[in-house]
Each structure stands twice: as C-alpha cells, then as structure tokens.
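Two complexes, one shared chain (chain A), two partners (chain B, chain C).
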Partner chain A sequence: MTRAGNRIDAGLGLLDRQILDKDGKDSGNVDDLELFAREEGGAPYVMYILAGPGALARRLRGRAGAWLESAFERLHHSEDPHPARIPFGVVKDIKHSVELSISKRGLDVTTIEDWVRDHFISKIPGAYHDPGGTK
Partner chain B sequence: MRLSDFLQAEVLDDNDVSIGRVQDVRLIQDGPVIGTWGAAFSIEGLIVSKRGVGARLGFHRSNVKGPLPLKALFEWIFRDARLVEWERIRSIEEGRIRFRGTYEDLKAPDPLSG
Partner chain C sequence: MKKFLEITLGILTAIGGFVDIGDIVANAESGARFHMSLAWVVIVGVVGIIVYAEMSGRVAALSGRAVFDLVRERLGPRVALTNLLASYFINFLTLTAEIAGVSLALQLASSVNYLLWIPLVAFLVWFVIWRVKFETMERIFGILGLVLIVFVVVVWRLGDWHTLSATALHPSIPKGEGIPTYFFFAIALFGAAMTPYEVFFFSSGAVEEHWTRTDLMVNRANVYIGFALGGILSLALMASADLVLSPGGISVSHLSQVTLPAALTIGKLGVAVTIVGFFAATFGAALETALSAGYTVSQFFGWQWGTFVKRVEAPRFHAVVILSVIMAAMVGLTTIDPIKVTEYSIVLSAAALPLTYFPILVIANDPDYVGEKTNSKFLNVIAFSYLVLLVIVALATIPLMIATKGGS
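Take a look at the complex of A and B:
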C-alpha cells in the first residue's frame, strides 16, 4: 500500500481499489473521493468514498463520461441521482483493497446491479431456480 | 469538492507559467477524527509534473525495486515532479490551479512506500 507513516497518494493508493465490506463481499470500487473544507480553514479532508458509475463518469470526462453519466441518471431509481457515498469513517483498513467495518447492505453501491436484476435477469425463465433445490 | 476536481488540472505559478498537471494528490492523516477510522486524511499537497505517462504504475514508490530498467525510466520521466503544498495554493478554478511562488521554490515529493 502507498503509505509512509500516515501519508498516502490518493490516485495511486486509493482510486480504483476494490471495496470489501465486513464480510469480505465486493462493494464496488473507489471511483472518487469527496472532500470537505474545514470551518477553521486549512486543507480539506476526505469525508466520503464515492463509488459507482455516477462517480466514475466525472473522472472519465469527455464523451465517454457524458454517456456514462446519462446512463446512470436513466437507470437510477432516485429523482436526484447521486453516486453511492461511503463515509470514510467506516473504513477499517487500506491494503490492496479498502476494507469496511460495516455490511454492504444499505450502502446503495449496487444500483445498476439491482436494476439489471429486476428488469432483465428476473424475467429469464428459471431465474429464480435454486440449484440447491430449496425453491 | 472531489478528488477528480484536482486530478489533471493545470497548475500555474505566480507568473502564470504552467508547471504541469496534477498527477496525484498527497494526503496526510491529520484531519478531524471520523468514525472508527480515526484522523481523517487531508490534502498535504498536489504532485505536479508535465509528464503523465505511467504516473499510476507506481514504479517511483520507494519499495519498488524493479525491474530496474523500468524503475530508472519512470524515475527519469518524473524527475520534474514537484509537491505543491496546500498552503501555497492561491486559487482553484475548473481545470486550473494557481499557487504562490515558482517551480524553483518547490520540493520534489518524497517517494512513499506502497
């Protein structure tokens, strides 16, 4: 990891790292960071990790970014679409991935995944078939 | 304010001379305590270079030992990199950041391990 003592280069050590929740489940990637200005002045500090296409679109810029942002806004269930925000305060450790101390449930990091499941996967015959035979 | 607002922004000195673009943002853990993480990361400075090729490959990290020719190549490419400390930043506009001083006043960023 890109730390020396308590320093880290954000692009190299945080961006695009996989996020794992407390159970080790994939919870997306670090696509951007949101910073807050201090009331007393001084350097802004990292408050949220932004994840998902809504955050990535801004980094891509140009036509690819505009297309991704438009697709994200169409697919997002909210009237005011915004990227998933994960409070940095729930980060447990930063290694090759960013480990969280909480579960991914309720983090709103699977918007597109949920949309594809509800609109496509669920309509495929046998989509709810459980190979284990419980359904 | 997002990290992406800084990345690839052009950095201009007191004389409006461009010294390169922001290749990375160096964070230091000295902010207010947040949640279970502890002290938040705040911006220590911007790592600026005119050459962006390979900036995200990490060959310039201190604990990367090789391959030697690649390490030497990327260190040579980034020999102009400088750290613009946050205290020097004068203004932030879209895609453009101005700082107090000139290129000669800036230090090369310490290589971090990783």
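Take a look at the complex of A and C:
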C-alpha cells in the first residue's frame, strides 16, 4: 500500500482486502467500490464498498464472471439482486484489513451465509457447540 | 512436554505433505529404482518449504491473515480464481487419494477390502473436523504419525551407510532408466515437499490457534523441526527401499510392499507399527486437505472460516468441507488407483506453485502486514531463487509428464 499521510491507493490498499466487522468477524472482501464525484470532472469520493459475488462477478468478466453472476442472482431472494453496499462512513480503520465500526448483522453481506446456515449447517447435531476461545 | 505440544502443527503439516499416501509409495519407489540418487531433491525441497512456511506463519501471526487471503489481495480476482481452481482441484485429488489411502491401511490391518472402508473413513474425517478441537486433532495425528520413525530405525539397523552415501553423494542414473524419468521423479519429490496445501493449512492453523507477535519463536520451531522431520521420514523411506527392495529387484506399486523393509528387519511388530504410521499419516493428510479445501475457498471470497468459531458462524466454510469430503469419497469408490492419483496431483501441483508462493514473498515484505518484521535481504535472495526454480519446474512439468507417461 502506498501511504503518504492518510493517502491510500484504492487499487492496492482497498480492493480485494478482507472486511472485518466490529467483532473481528470475516464479513466478505472489498469486491468493488462505488465512486461519486460531487461536480463534473471533480475528484471522486468512495461512497460505498461493494461486497459479495454480484460485485465480484463484474470484476471477473468473461465466462467465470457470467457464471458467478447468474448463480448469485438465483441464490439471492430479492426481486432485484444487487451486491451488498457498505457505506464508507462505517469504515473505522484501514490496515491490512478494512475494519468496520458496526456488526455485519446490520449489513446485507450475510444473505447467502444465512441461507446456508438455516437450510444446511444448523440442522447438523453439534452446530451450536462452542469450541471455546473466541477470537 | 508443553513445549513439544506447541510444534505439533508443524509436524502434522509436514507429515501430511511429505509422507501422505502418494509420497509413501513415491519415496519407496524412487529408492528402489534410483537408490539415493534423488536424496538431494528432498533436501532442496525441505529448505524451500521451510523458507516459505516460515513467512506464511509470520504473516498469519502478525496480521491474522492466512495464505489465500494474500493470494487474492496481491494477484487480484482473476488470477487468484485461476489459482483457486487449480489448488482446489489438487486438494480434491489428494483428499480422494488419502481417503482411499486410509482405507488401504485398514485393509492391510483387517483384510477387509478397502472399498468397504471408504464411506466410514470419509465420515470419520468429517466427524473429526466437525467435533474435535483443532489443537486436539493436531496433537493426536501429529504425534501418532511420528511412529513412522520406525523407518529410521530400519535404516539404522541395516546400517549400510556406505551403500547409501555412494549414490546420495554421487547421484547417477542407473542403467535401464531414462533421464526424463529421473527428472519426473525429481519433480514428484520436490512437489511433495512444497505442495501448496501445506502453507494453506499451516498459516490457517496458526490463525486457528490465535498466534500473535509472541508466537514468532513458536512459528520458527514448528517450521524448522516439523519440516526437517518430514524430510527425514521421506529419506528414511527412500533408504529402506534402496537397501531392501532394490537388491531383490522389487518395484514398488502397492502400499504393502513398503512395509517389507520393516517386516524383514524388525518382524511382525515392525509391520504393525508401520501400518499404524500409514494410518495416522494418511488420515492426517486427509484432514489437512479437507480443511484446506474449506480454507482456500472461504478466504478467496472473504467468508468467515475456521473451527475456532461455532459451526453456525462459519456455515459456508463447513458446507465446502462437507461437500468436498462426500465428493472425494464418491470418486474414491470408483476404484480409481489412489497412488496414481496423488502422483499426478503432486506433479500438477508443481505447475500451480508459483501462483501461491509469489504472494507470500511479497506480503512478507509489506509493513502493513508484518510491521517491522519484514524479510531480511538474505532471506529475500533465497526465497527469490526458489521462486525462479519453481517457475522452471512449473514449465518443465507437463512436457515431462507426457514424455514419461507419468514416470512409468
């Protein structure tokens, strides 16, 4: 990462980094960014971090991207599937990972995770067993 | 004892890499066919894996990020996906072979056909991952795998150091063997030493055990002792085959033949201990590859992973592990030859190695991840030389595999 003062190279220092929520839980990767310019030709601001297969698919392009996008749309419940958008304001710190100030439960990054848990993993005996020693 | 238990992660990682089902046979076969002429390759491989595993463990201890996180972050989604598909495929082939391998070890002990053991073994592999604490798992299978030291005892008892050192120090290709076959075996041994799932498992294991800055010495001890031990076991298998199987003109193609040196020098007890060692080593490798399948996929997508959280908190990680084990058991049941499968998968993995090791080298020099604990210049020179070697090996792999028809 190039870091002069608080400057970060978005391509190197943000994209593809791990996102951690306030409890240190893995909450996806920075799959893409949504930029916004206040005025025509002005400096762009990062408005949202996009996370999830919907955003990743667009960056993969090609056949793998198309496959991932269609798989995501099928798995997603809502009428209009879109990648999870994390407002940049909840970013607390950027080190090797992007740390958030809120829990991932409050974001829509957990849609598919919840589905796999509710329909598969939680039905196996011992799924709620606490292995002890939380991170 | 407590100090010893801290290095079981390195021991299990190394045993799963160096002496899993395919390597047990490949090491013995190379000893029987080429004597100790390939011993140098094992040494080169041990140094290489030590260099890169130390870096991956250091990054994991200081940043909490495991290897496939780094792959995605440094190579971007497209190249990382290519690496993921290749690594997953190798992992899956190896997992298939290990499940069949554990079953073969059980067949040696019980005379019940290995195919009947496959479903039970697959269930046990999943059950251990689902239910047993990571540290407990690593200690049981790391320590149990150590009984393979019986091969060191065999070589010690035979004590023919003169014969062994003759070809070890002056490698030559025996009459009747071609140069391409020699290099095919060299790549297989090198690939076994540096197989990528070792760094996936080792670095993720460091995170599972919550290593921090204070564990950097533990990391070094794990790497130096664990992988050196893996190398010694690998050389002992080779040497025992050189001394016992080679004079008898026995070519190795089955697991039972590898027990012969122990049978001839130590007797029934030797065989029993050997079979326990095979069981532990192959079961350990099955755990290592099944977990690595979950680790790599989860880390690529940024999902919560690991057995240190409640199962319901890492649902997609466990789903990948379960589906991989089920599919591997199904492929194993097709009576596919597990030993051939790993031999191919090791050689294929050689082709994917640079894509895994390059990001580790870059991140081990990135202060964002490791603070002031970046690589020394000396380490960078060695690591970079290995990267060049890995690229050469990767380029040579596929042509050699075709030219030698898989070393036959």
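As a working rule, the second predicted complex is superposed on the first by the 116 of 135 C-alpha atoms of A that agree within 3 Å, B and C clash if a C-alpha of one lies under 4 Å from a C-alpha of the other, contacts with A are read in each partner's own complex, and residues count from 1 in each chain.
As a working rule, a residue touches a chain if its C-beta (ideal position, glycine included) is under 8 Å from a C-beta of that chain, and two chains touch if they have at least 3 such contacts.
Values in this document were obtained by computation on a predicted structure and should not be read as measured data.
Engineer: A:Ala51 contacts which: chain B (first), chain C (second), both, neither?
Structural biologist: second
Engineer: In the overlay, answer first, second, both or neither for which of chain B and chain C A:Phe120 touches.
Structural biologist: Once the two structures are laid over each other on A, A:Phe120 reaches chain C alone.
Engineer: Which of the two partners, first being chain B and second being chain C, lies in contact with A:Ser101: first, second, both, or neither?
Structural biologist: In the superposition, A:Ser101 touches chain B alone.
Engineer: Touching A:Pro131, do we find chain B (first), chain C (second), both, or neither?
Structural biologist: second
Engineer: Once chain A of both complexes is superposed, is A:Gln18 in touch with chain B (first), chain C (second), both, or neither?
Structural biologist: Only chain C; A:Gln18 stays clear of chain B.
Engineer: Tell me which partner A:Ala66 touches in the superposition: chain B (first), chain C (second), both or neither.
Structural biologist: Touch partners of A:Ala66: none, neither chain B nor chain C.
Engineer: Please report the chain A residues shared by its interface with chain B and its interface with chain C.
Structural biologist: 1, 3, 13, 15, 59
Engineer: Along chain B, where are the residues that touch chain A in the complex?
Structural biologist: Listed in rising order, the residues of chain B that touch chain A are 1-4, 7, 23-32, 34-37, 39-44, 47, 55-56, 58, 61-62, 86, 110, 112-114.
Engineer: Going by the contact rule at the top, pick out the chain C residues touching chain A in the complex.
Structural biologist: 63-65, 69, 72-73, 76-78, 80-81, 130-131, 133-134, 210, 298, 301-305, 307-313, 315-316, 318-319, 366, 368-369
Engineer: Within their complex, state which residues of chain A touch chain B.
Structural biologist: Going through chain A, the ones touching chain B are 1-4, 6-13, 15, 32-38, 42-47, 50, 55, 58-59, 87-92, 101.
Engineer: Going by the contact rule set out above, which residues of chain A touch chain C in the complex?
Structural biologist: Against chain C, the touching part of chain A is residues 1, 3, 13, 15-19, 25-29, 31, 51, 53, 56, 59-62, 64, 95-97, 112-113, 116-117, 120-122, 124, 126-135.
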